[in-house]
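Just so it is clear, A, B and C label the chains in written order, and each chain counts residues from 1 on its own.
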Amino acid sequence: MTFWLLLSVNSITFGALLFLLAAGFSLIFGLMRIPNLTHGSLFMLGAYFGATFVNGMLGAYFDFWLAALMAAALVAVFGAVIERFLLRQLPGQPLAQVLVTLGISFMVADLCLMAWGGDPIAVATPPGLTGFVRIGPMVFPLYRIAVIGIAIVVGVALWLLLDRTRIGAMIRAGVDDPDMARVVGIRVSGLFTMVFALGAALAAFAGIIGGPILTVYPGIDQYMLPLALVVVILGGSGSLLGSVVGSMVIGFLYNFGQALFPELAYFVLFLPMLLVLLLRPQGLFGRFIP
Amino acid sequence: MSALVVTGLSKSFGGLHVTRGVNLNIAPGERRLIIGPNGAGKTTLFNLITGELTPDGGTIELSGVDVTHSPSRHRAHLGMARTYQIITLFGQDTIIHNVRLALLGLSPKRWNPLIDLRRQAALTEQGHEALARVGLGHIADRPLAQTSYGERRRVEIAMALAQQPKVLLLDEPFAGLSIDERRDVHKCLMAIPRDVTIVMIEHNMDVALEFAERITLLHFGEVIVEGNRAEVVDDPRTREVYLGH
Amino acid sequence: MTARLAVFIIAIMALVTLPQWMHGVYYVNVASQILFYAVFALGLNVLAGYAGLVSLGHAGLFGISAYATGYMLNLGYSHSVAIATALSIGMVSMAIYAVLSLRATGIGFIMITLALGEIVWGLAYRWISITGGDNGINLHGRPEPFGIALTSPNAFYYAALIVFLIALAVMTVFVRSPLGAALMGTRDQPRRMTALGYHVWLIRFFACMLSGLLTSIAGILFVYYNQFISPQALDLTASAEVLLMVISGGAGTLLGPIVGSTLVVVVKSVVSGYIERWNFLLGAIFVAIVILMPEGLVPGTVRLWRAAFARRRPGPVVEATEKAS
């Protein structure tokens, strides 16, 4: 019983991290119709930056949360640069978009290897969250609960942004019909850069928040990217609710799959995605078929 | 037997009824003109007839065969051809290649992965014949990128004619053309033999009225008036749709 | 036309005599790798180039055939049985891939194929009782067609060359055929093609099967060359690499995938001996290609060549390019 509950908490925590990663991916995909294959790299960059700030750089040590925000901001700028100077030049050319985003992910992976070496880097759990929570007879790691809380806060903030602000209305209009949004005079140019930077920041934030749980290592980019992708296909691109549900489903399948059928863990992970593709190609909460 | 019969055809997008219970009965060899203000549902009607859209209700019969549920490609094989309002040709290729693709679509050779398409003399010859019918035989090998808008319109018509259709649907064949180009297209259309039934959507009344025998006026997805030229032009409802509110 | 024929004959002569003038076993092996990766890239090009369907899961298919060959051989079956089984399993897998992924086009197709590739990778990585997991499968020996052992680098090179030339010939015939023209039509104007009487889905399905055949053949050559297969050969990076070969060389051209596979294999195996950060270099090359020649190296070079030619001899060519632009 304890085992199952602990596994469930781990699943929700992993789902929360996936949500942070996939929400931005989903918005970028939904709004710009760009397969952003650098998204795993942005996650990894955030994790490495954050780890460096926390573990000390040039004699300066940063608080975990400050480090997380700095890493997210840096990667957001990087994302904005990619969008503005590369992807901007390639509208409606999926081949070139794939080529350039993969090229960048190769470069980022190699630069990270050069800068941080091949060994995994541990990120210490922020002080104050190292303990455990006792609920009845059960004991849960406090940090994992905190990650769930952070994801909920970010999720609510994103929902408010999308649902209650003018910018959010423009993003939603763009997701529903990009051509129409352009026709009615929404300045998609600035919007695209903003959404791309926001997605990059969220991915980087997920990277460092996940650091104490996953550690940071070369190859984590290619490990996370397909998971983000499955979440988006499952939930539907451009849908916040879809990202939430998709992340949780994948979080549970991933952890329970590993525990119950280790040999077929990945098959179990991708199976619901195939079912969704067959029965509801726009995803559970998606508005359009990509 | 009628060439094309449409009965109670309906289609809505969301809550918007774009086609409401449209009935058409078009005799073999007839020249039918479909008119109506913007948003009357003319192109939607064409897309339903060709099968690019699925109707919510109603039936479509092509030469007595119920094709309501057959895919577009079957209708093409049963003798339906169309041109598009927005020219949708294969822009990277030559004119003759475009026409050859149209011919190939109805030939069993289209599944052949081994022979050289350009050496299929019969196809090329038929392609040249179709181009000659629209007066483009002399520039058959020209890349499409180097042709004028009016020439492309005639390539569209040549492609449709190459399919030897029984029913030919023309979606605004005169739209966007200069006076000279309009005359060229008009000449092509007049030369089409009577074994081809033609249904045409057109805004340009001068040319279209001269061409059509019967006219259907569509408004908000409904057939308002139908009859010969004089009947429709003189009908008060026509004036109401076009002039008054 | 005669100039083109002369270049072709010289290229064939150079390839046939390569082991004679290319000194060192190492470089002959590099040439063999280029050849089977070129077959792989030609296979992916059927989809990414001629059908406009970008697959990011092709390494999975490549891997399925490679694993099947290794698995059958280790069960004690002969080379011919192993190869036949691998091809059949590869084609069946391709059919499953096609049925699932042809529900979408564009980015949707990319995403679905990527996910399918990951499933195959996940199985190879985790289904240890069949695949050996991270340890992979080792092979012992290469086949001996018509009694000729392929154990030496030169012999394997010639086998790869023959397969490559057959694949290139198949593609040359295919792109000129009616079915090839129809496939390119479905890439450019799928709606129009349907209205012209073509069965767009089935044409795309056939394209998938041709692509799958070439991919499976490349996978079998790969496993015989390396005498080893592990999950690394079919991960996302591997799928990305072959797609990059196709796009960088020029998708939808016959020569593009060959140039692209040469570029990638040379950077990976030759340049990496001199430059430690070759992965960075490869990424930078891809970004540079997108900026300078978004259509790929082969069409891009042709374009520059024509522009230079036209400047020297003003005439109808100039007129043509002006009108086209």
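The rule is short, and it goes like this: a residue touches a chain if its C-beta (ideal position, glycine included) is under 8 Å from a C-beta of that chain, and two chains touch if they have at least 3 such contacts.
Please read all numbers here as calculations on a predicted model, not as lab measurements.
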{"item": "Chain contact topology (line, ring, star, complete or other)", "value": "line"}
{"item": "Maximum centroid distance from subunit B, chain identifier (CA atoms)", "value": "A"}
{"item": "Between subunit C and subunit B, distance of the C-alpha-averaged centres to the nearest whole Å", "value": "42"}
{"item": "Inter-centroid spacing, subunit C versus subunit A (mean Cα positions, whole Å)", "value": "32"}
{"item": "Centre distance in Å when subunit A and subunit B are each reduced to the mean of their C-alpha atoms", "value": "49"}
{"item": "Sites on subunit C at which at least two other chains make contact", "value": "none"}
{"item": "Subunit A residues within the subunit C interface of the complex", "value": "29, 33-35, 37, 86, 89-90, 93-96, 98-100, 102-111, 113-114, 222, 225-226, 229-230, 232-233, 262-267, 269-270, 273-274, 277-278, 281, 289-290"}
{"item": "Touching residues (chain side subunit C, partner subunit B) in the complex", "value": "173-174, 176-182, 185, 188-189, 191-200, 206, 210, 320, 323-324"}
{"item": "Interface residues, subunit B side, partner subunit C - complex", "value": "50, 52, 71-73, 76-77, 81-82, 84, 88-92, 97, 100-102, 104-107, 109-118, 120, 143, 145-146, 159, 163"}
{"item": "For the subunit C and subunit A complex, residues of the former touching the latter", "value": "48, 54, 56, 100, 103-104, 106-108, 110-112, 114-116, 118-119, 121-123, 125-129, 235-237, 240, 243-244, 247-248, 251, 277, 279-280, 282-287, 289-291, 294"}
